[in-house]
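Both complexes below contain chain A, partnered by chain B and then by chain C.
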Partner chain A sequence: MKRRLLAIAADGALILYFVFALFPIAWMIILSLKPPNELFSTYFSFAPTLDSYRTVLGAGSDEGVPFPRFFVNSLVVSLGAVGLSLVIGLPAAYAAARWRFRGSENLMFTLLSFRFAPELTVIIPLFVLYQKLGLFDTYVGMIWVLQLVTLPLIVWIMRSYFSDLSPELEQAALLDGYTRKQAFFKVALPLVKPGIAAVSLLAFIFAWNNFVFPLILTSSEAQTVTVGALSFLGGDRPKYNLTAAAALVSVIPPLLLALTIQRYLVRGLSFGAVKS
Partner chain B sequence: MPSAISLRGVHKAYGRNTALDGLDLDVGQGEFFCLLGPSGAGKTTTLKTVAGLEQPESGTVSLDGTDMTGVEPYDRGVAMCFESYALYPHRSAYDNLASPLRSPRYKLPAAEARERVGAVADLLGIGALLERPVGRLSNGQRQRVALGRVLVRPARAFLLDEPLSHLDAKLRQAMRAELKAIGAVRRTTTLYVTHDSVEALALGDRIGVIREGRIVQTGTREEIWHQPYDTFVARSFGRPRINLLPGTITRDGGFVSADRFFEIPRITPAPGPAHSVRPPAPGTRVQIGVRPRDLSLGSSVLGPGGIELVGSVYITEVLGRATEVTVRLGAQHLSLVVPRADAAGLRPDAPVRLSVRPESLLLFEADDTEGPGRPGRRVTG
Partner chain C sequence: MSSSLTETDHGAASHGGSGPPARVVPRWRRGLRPYLLIVPALLLTGGILYPFGLGLYYTVFDFAASKPQPDMVGLANYRRIFGESSFWDSAWVTVLYAVGAAAFETVLGVAVALLLHRSTRVGRVLEKILILPLMIAPVIAAIMWKLMLQPSVGVVNYLLKPFGMGGVQWTDTPAGALLSSIAVDVWVYTPFVAILALAGLRSLPASPFEAAAVDGAGWWFTFRKLTLPMLWPYVLVAVIFRFMDSLKVFDIIYALTEGGPGDSTVVLQIRAYLEAIRFQRYSFGISYMIVLWAVVYLVTMVLVRYLGKIQNRAAEVPK
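Moving on to the complex of A and B:
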């Protein structure tokens, strides 16, 4: 009897937590479906409409905010940033895992410090630099600056994946007659695929969600969804319904990506923790 | 003709741990050379240094007389079988075996490669397992795939790191017999690492004993067995182990045990090379070494000059057709292996006579003579 009560209490606590966690999302969905005139009512009964989504996606009445363009921008800079980070970061992580030299740990720590230093500390000098170099409000500039977000993540996580691989695997390849480069591509790289999938997704989410860099370093050409969604709040009266719809639309790509590579993700994140 | 593999004064350290400490080694053309030593002695490091996977801090490695400094592993033309197997876990047994034959260096046309892999797989008894991913093979099967990956390709030398260690006893014995009969192994210089002295004696044309990063002794199995350099080498071969009895040299050149329980009137150390240890002065601490199978019960087999010892039975243990008898000689225990029938009537604490030919006795310095932890060297005449 006592155990039953405890179980019910535990379930109750869980439900409470879910309500607490999911309510903001539910509120966003409701907000995005409300017509503008009912925006500020706190009743749950309203006439639902998809007008906000139409407007946000550029099919409805023009609000002067090119949201589809922001969406494409976000995709380009996030994928670009992750792609570039993989190209640079995988060999770097491999080298860091296999080659210990004087100061290699310091180098790795410096790289990590890009991640935990607040972006705001470097944003003003970056802004000035970007203005002078012509990188302000460009794809190249955004992809470049997002390396601060994605590269340390990829190098650090992939380094531990490579460390978990026995170096004897590549040594065997060397003795089989393969060069070091071929040993990397044919032996080491295929074995860390689950890790690459997991870390790419994480890096993509971080890049996609980044707010400060696009806020300061873009204006219209390369602006991303995180900043773009807020454009609806400007003007004479804030259009919360549009912001909510824009935010919900911009959740879709990371969500889809996570679902498609879920299989890899679970394997990838537990890899190394459990030795087979 | 230059040595197939030659290491000169090779030093290698990992951080503060010295792995190889001025190692010298020569393996002749086509020779099957066994490197024997306890774990941590530097056996694997020696192989990896020959393969070019580890760079020595000093010293040189030459293959067929050519200095290999700065030569990449894939240009050295040696094949290695790793103790950890180092099979590619994402590929099938077939793809693992075929890997060398697909590499730019040893590339064969696909049909020829398939034939070659098939032949090697049949030789090793893994022909039926080729399509399986290596993750679904037993350890013994993996070990054979790893060995096959070495045999499948031409090589200037094979480096085999404990290639039979994970097989079960029966298979290990069968493979040991077959390994040297394999044509490729017969033709190719092989450096074989093991910690199993039986394997080393059975396989090695010559044997090298390694300890703490140095070669203690190299020689044929007879040399290693009958003229061990020191007590470490003597202890490494033979089960049960050689008996080592501590004592001192008497005034008239005999031996008295440390507890003065028994005495051997005359010790004539076997002749040895000029630079080896000379017979010590009276009063020096030494050890007598005698192999369990060189001792017999009773005095029946004694010819002229035979040595007789009297003790009491401590334990007997039946080993099959033979029996191991442990005899107490004062504070010392001495084991001997005798035919089972000879030991039939022995009871614990019964008095017993042992006899041994004087030429079977080995005389060693006391351990630690050359410094703490150093095994005593053999004394020669």
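Moving on to the complex of A and C:
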């Protein structure tokens, strides 16, 4: 009897935590469906409408916030950043996993230090530099600076995947007359494909969720959703329903992607420090 | 399932030269190969280190929007920072935030992981959505909570009204603003600790627990003497990540309180933002960031060394 009560209490505690974790999301859905005149007059009873989404997603919205454009910008810079990091990071990760050479550990730790460096240390000089170079508020500028987020993640995690791979497979391929390049592309790379997929999605999510870089290094042309969602709160009359709708629209891509890579998250989140 | 926590082993390192290559490649070119592979990464790293170096260089000038032709001022920026009470206030708020957030997240995250580890029917369903808050951009999370914590029309005060505390001025008092910011951090990042701790729990060996059960050890004894020590390396990874990240918190505070009320939640990155971007005193703002960067770097070194020691000790325990 006592055991049973304890089990129920434990499940109850768990449910309590999940109410705390999920309520804000549920409340945003409610807020986003409210018509403006019922925003503050009631809490849980109202006549739902999709008007907020129409305003937020409407290209020429009367609020003057080009949210669809921000959404496309987020997509372009996040995809671009992950693509560039993969092209540059995969060979580096492979080299660091397969050869012990002078400088490899230094490079790895420099990359890791990017992960922990306060972003503004680099952004403020970049802010000055970008103005001079004409990279301020451009896709290229954003993709470059987002490497701070995506490159360390991809190199560190892919090195851990390559290290787990037995080198004997590539040895065998070399003996069969493959070149080193072919062994990499036809043997090693296909074997770590699940890892590449998972780390790419995770890097995409982190790039998408980034806020400091677009806040300081863009103004309108290349601005992303994380900065854009704040703009409905400005002005003399904060628009709660539009803010909620914008927030929800901007979290949909990362949430959907996250649910597809659950299995690989542990290694990704810990930079390869914990495997499961 | 691998028990290796550190990434120092290189698998079969130095195998690049062994085995007869199919096509004869000159030795010097083979030796060069790893370097060629990392050249792009090196270049890109240089592209990021360059602005950092440039920033460091700026700090010995008095470069600002109002002074486009700066003069060399030596270490005056740093002397000014350490002499100003606003720096020490910011540093104190930053430490409070980082310690508070990391501590709450660790306790709550480990508790959630332990509850989920029981794998009840409820737990298995909830585990699938554990990740959700962590994948929401912190700035968006802060916006969401800002709407909910609004004193007069926010839903939190509405829900608290039946309990006789409907008028809490959440983000409008200094202590409330700091606690609210920490609460948002806890909301976003508790799943991070829980996910890593749960992975740790699932990889613990079964035999010590079976032995303890045979000996009739109680739950608390098992937890304190077995679970916690064996789980600690995993939790420590999570704690290090959370503590380091909280030291450089920006998004959550920017969106939730903008550093207010007054200066009560101006953490170091917010202070640097205000100085460098809002007031356009570039050199002075960057100096703030160099100081924070140095602190973060030192703390990382100490914590990572401690982590290595813990992991080595854990690896020595026969499993």
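The rule is short, and it goes like this: the second predicted complex is superposed on the first by the 251 of 276 C-alpha atoms of A that agree within 3 Å, B and C clash if a C-alpha of one lies under 4 Å from a C-alpha of the other, contacts with A are read in each partner's own complex, and residues count from 1 in each chain.
Just so we're on the same page, contacts are C-beta pairs under 8 Å (C-beta built on N, C-alpha and C of every residue); 3 or more make two chains touch, one makes a residue touch a chain.
The structure displayed is predicted, hence computed values, not measured ones.
Return the chain, chain B or chain C, that is in touch with more residues of chain A.
On the superposition, C touches more of the residues of chain A.
For A:208, decide between first (touching chain B), second (touching chain C), both and neither.
In the superposed model, A:208 contacts chain C only, not chain B.
Figure out whether A:177 sits in contact with chain B (first) or chain C (second), or with both, or with neither.
both
A:218 contacts which: chain B (first), chain C (second), both, neither?
neither
Applying the touch criterion given at the start, work out whether A:191 contacts chain B, chain C, both or neither, answering first, second, both or neither.
first
After the superposition on A, what does A:73 contact: first (chain B), second (chain C), both or neither?
Touch partners of A:73: none, neither chain B nor chain C.
Quick one: is A:244 in contact with chain B, with chain C, with both, or with neither? Answer first, second, both or neither.
Once the two structures are laid over each other on A, A:244 reaches chain C alone.
In the superposed arrangement, does A:127 touch chain B (first), chain C (second), both or neither?
In the superposed model, A:127 contacts chain C only, not chain B.
Once the two structures are superposed, pull the chain A residues common to the chain B and chain C interfaces.
Looking at chain A, the two contact sets intersect at 166, 168, 171, 174-180, 276.
For chain A, which residues are in contact with chain B within the complex?
Interface residues on chain A, with respect to chain B: 166, 168-169, 171-180, 182, 187, 190-191, 276.
Touching residues of chain A toward chain C in the complex: what are they?
7, 10-11, 13-15, 17-18, 20-22, 24-25, 27-28, 31, 39-40, 43, 87-89, 91-92, 94-101, 103-104, 107, 110-111, 113-114, 116-122, 124-129, 144, 147-148, 151, 155-156, 159-160, 162-168, 171, 174-180, 205, 208-212, 215-216, 226, 229-230, 233, 240, 243-244, 247, 250-251, 254-255, 257-259, 262, 265-266, 269-270, 272-276
Along chain B, where are the residues that touch chain A in the complex?
Residues of chain B touching chain A: 48, 51-53, 72-74, 78-80, 82, 84, 86-90, 99-100, 103-106, 135, 149, 153.
In their shared complex, at which residues does chain C touch chain A?
For chain C paired with chain A, touching residues are 1-2, 4-7, 9-16, 18-23, 25, 33-35, 37-38, 40-42, 44-45, 47-49, 51-52, 54-55, 58, 63, 108, 111-112, 115-116, 118, 120, 122-123, 126, 128-141, 143-148, 153, 155, 158, 187, 190-192, 195-196, 199-200, 202-203, 234, 237-238, 241, 244-245, 247-248, 250-251, 254-255, 268-269, 272-273, 276-277, 282, 285-286, 289-290, 292-293, 296-297, 300.
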